[in-house]
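Listed next: structures, encoded as structure tokens.
In what follows, subunit A forms one complex with subunit B and a second complex with subunit C.
Then we have the complex of A and B:
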């Protein structure tokens, strides 16, 4: 009798959760969700990043008058942590987890004639806005492959102009450039589902991941991608550390 | 009414001559060794065209004043010899002037284009591309490494497509966004375009030369005055044409050497 009642309790709980999930169309959200976290490191000495000469535009040159800016292809923290690596799930996500893009609006700022952040990761369909903190005209020119369904655009943004709000339809790694300042180069990494970008120490955490078995992919603009299997148990974080070899 | 019209023509002609005579919108100061004959040619052209313009306006005003109200029955006079003679006279007059200006002008032009640079001229390469100029100095070895178009990448700042990993000549090449040259030293400028037609124009240097895609062109000049001047693109080359420019710094030899060291450290 006792056994039966506990079985009934479990069963009813399962039914309740399932029907709840069905009703809510299982929007991936905080309660009961796990996460995948870890660190991305660079093995070997960081490659030399060229200095950037901005003399073409006196505003930009003045902003970096004391210390020239450098390329941001490989940004390594003190402990070998690799910044600007995008982590996303390539296998194992239920279709329902992919249904809706996050509501959060991302910001891609142009500051001192550089893109901040250098790498902007986003979910397909998620809104981002391009802003300018500079007193000089910029030109934002993302170059997606039109075969993916993403439509290329090219728009100027004078100082004080309103932010440009956009989104990308399909997952793709899209280089972004400025036609006025040829050194300006950034990335829009569009993925499906939850994602994370490593911070200055190479740490990341992909939140809102339902329990399950996954393949996590790390993308770095120079070193390409790496994939690992990871398991997320209910309420527990899965761990995946990556190491890219310097070249 | 006709007299009023004649006076209006005179007033417009004289008013438009004043800023030209006073050099209100004249060319920037010449800082080149080859510029004097070009400026002289410019002055001669302006003088000849100006005199012809004023003379024709005065004659026009005079004829309007005198002949616009023929008395009834008066015979209208023609150019002596008729229309054919008038066309011949005009062709002769204008032709002689164009020919004369052309002969003098060709001399100023040939001074720049038909004389080779001296063997001690300093080579500098300039590459134009939408929408910026990039300059290359050969470095200590004096050799420009070969360009590999497939390696050209703005995101890695490899504007010239240099194979710095495998090519020893490429390692010491110095690529810059600003052009600096030592004062009173002849420069041999080697020009090529990465994409479409552009132009290299430095008004103070009296240098304006188009880039033609697929052609290696060259110029030589000597700057005589220290300063910072603008290099602008004067061929409409696309959306960002208005913003395509760079700076030319004419420096003392000492400053130039320091600048070169700083640029080498940035590579």
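Then we have the complex of A and C:
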């Protein structure tokens, strides 16, 4: 009996101390890390995205029988918000913020003979997993420039194949294709430091940015890059909105 | 009317866009090459020295592969498939996994064997020492051989005895991993994806036609064929199947591929006796 109660006391003390430490920790990181957020918009009418003809692979065609697939170079949502734009910091990051790639493992899925997501942003050295949800063979073939330190490779994924885990060494915009399904193309955008990708409304938020003055760059696969200056003050998020002109 | 400044900035902008690095025009200079002139190759007990290959390369190789090894020699416009760009360090015929450098022996073998269905002949006229020197010279064009080590050659188990069961099992592999998507159900390079294949530099490229009697690109022994689909032909659409075909199944597939080839073989005779039918691309998985 006595033994039990002392055990309970120790246990509750441990729980208290631990949760206290957790809360404290959160406060510390909240004060030390800000963010940069904003919206990326398209100015002008969105260009027509061609439909994709998949009849050469009946599996793919069937998957899109009710909803035809379209190219995804420019995806515009509500209020002209531009999706799949990668935002990253090109100036001002302290070395400490660049030291380690995030532990989060990203997923690049082949689904209904399209890449999901179409644009995968990642930190150099961060692990990503290539998966296939399809009952058809794909070959996953990223095409970096080997002079950057990123080496091209080409692996098959027949139905039911295990995921392939990889990472890229150096910052680079890498096109990814499947030779078997020539319409399949996606992007691995490898950057150094924190990054974000715009959602369906063109909104983004780069987290874990310490206070300071930065240059933020927005990359869009068809329209190229734009850069602007932004300041993150302690406890106050920086804002940077971008507008790309429709072409 | 545009000012002169505007014109210049437009021009500069255009130049900047053009200067974005497509993989083929990494700017190597003679100076970079000089710094790697000490490159060596090791083939068995032979050591090759880049510096000793200069004359042979200029005489026999520059015409296609170019002085800087970028595949941009004076014959470039007339040659198809295009000459290899050695600066990229990407090679089709390797014993090493996809995405890794080949071994010295791999390059040595390619020079001796030549590449069928291309302008690359067999260079059996060179002595082994000369060939080893040329391997070192080829390597000195790419900084990758300074920064990286060649991949570890894949392990190939001893070739088992060919049996009708193995040939049938090989046909199932051909169906399961869908070789026919490019190579066609009869190996005639007419699968649904064959017509749109392009290489890494977006140039049209043909899948291998097993039936027309030409030698496989990376050699015609059973081990050479095994290696092709387990390492992939880097720079081309042919991927590596190493993660999806077990070593034993790989031998089954080699035997089945032999049945598609026009050259007479034990496998071909066996397949005929079996009355083996080609794969059915519409059959549900596992029901060939």
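Keep this in mind: the second predicted complex is superposed on the first by the 216 of 247 C-alpha atoms of A that agree within 3 Å, B and C clash if a C-alpha of one lies under 4 Å from a C-alpha of the other, contacts with A are read in each partner's own complex, and residues count from 1 in each chain.
Methods note: a contact is a pair of C-beta atoms (placed from the backbone, for glycine too) under 8 Å apart; a residue touches a chain by one contact, two chains touch by 3 or more.
None of the values given here were measured: they were computed from a predicted structure.
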Subunit C versus subunit B on the shared subunit A, clash or fit after superposition: clash
Which superposed partner A:154 touches (first subunit B, second subunit C, both, neither): both
Subunit B versus subunit C as contact partner of A:73, first or second or both or neither: first
Touched partner set for A:243, first subunit B, second subunit C, both or neither: neither
First (subunit B), second (subunit C), both or neither touched by A:179: both
Subunit B versus subunit C as contact partner of A:56, first or second or both or neither: both
Partner, of subunit C and subunit B, that touches more residues belonging to subunit A: C
First, second, both or neither for A:135, with subunit B first and subunit C second: second
Touched partner set for A:90, first subunit B, second subunit C, both or neither: neither
First, second, both or neither for A:146, with subunit B first and subunit C second: second
Where subunit B runs into subunit C (options 127-135, 145-153 or 217-225): 127-135
Contacts on subunit A seen with subunit B and repeated with subunit C across the two complexes: 56, 137, 139, 154, 179-180, 182
Residue ranges of subunit C touching subunit A (in the complex, touch as defined): 21-23, 26, 87-90, 98-100, 143-144, 147-148, 176-178, 181-182, 192-193, 196-198, 200, 232, 234-244, 282, 285
Residues of subunit A that touch subunit C when the two form their complex: 56-58, 135-137, 139-141, 143-149, 151-159, 161-162, 164, 179-182
Of subunit A, residues touching subunit B in the complex: 50-56, 68, 71, 73, 137, 139, 154, 175, 177, 179-180, 182-183, 185
Subunit B residues within the subunit A interface of the complex: 129-132, 154-157, 159, 176-178, 239-240, 243, 245-247, 263, 265-267
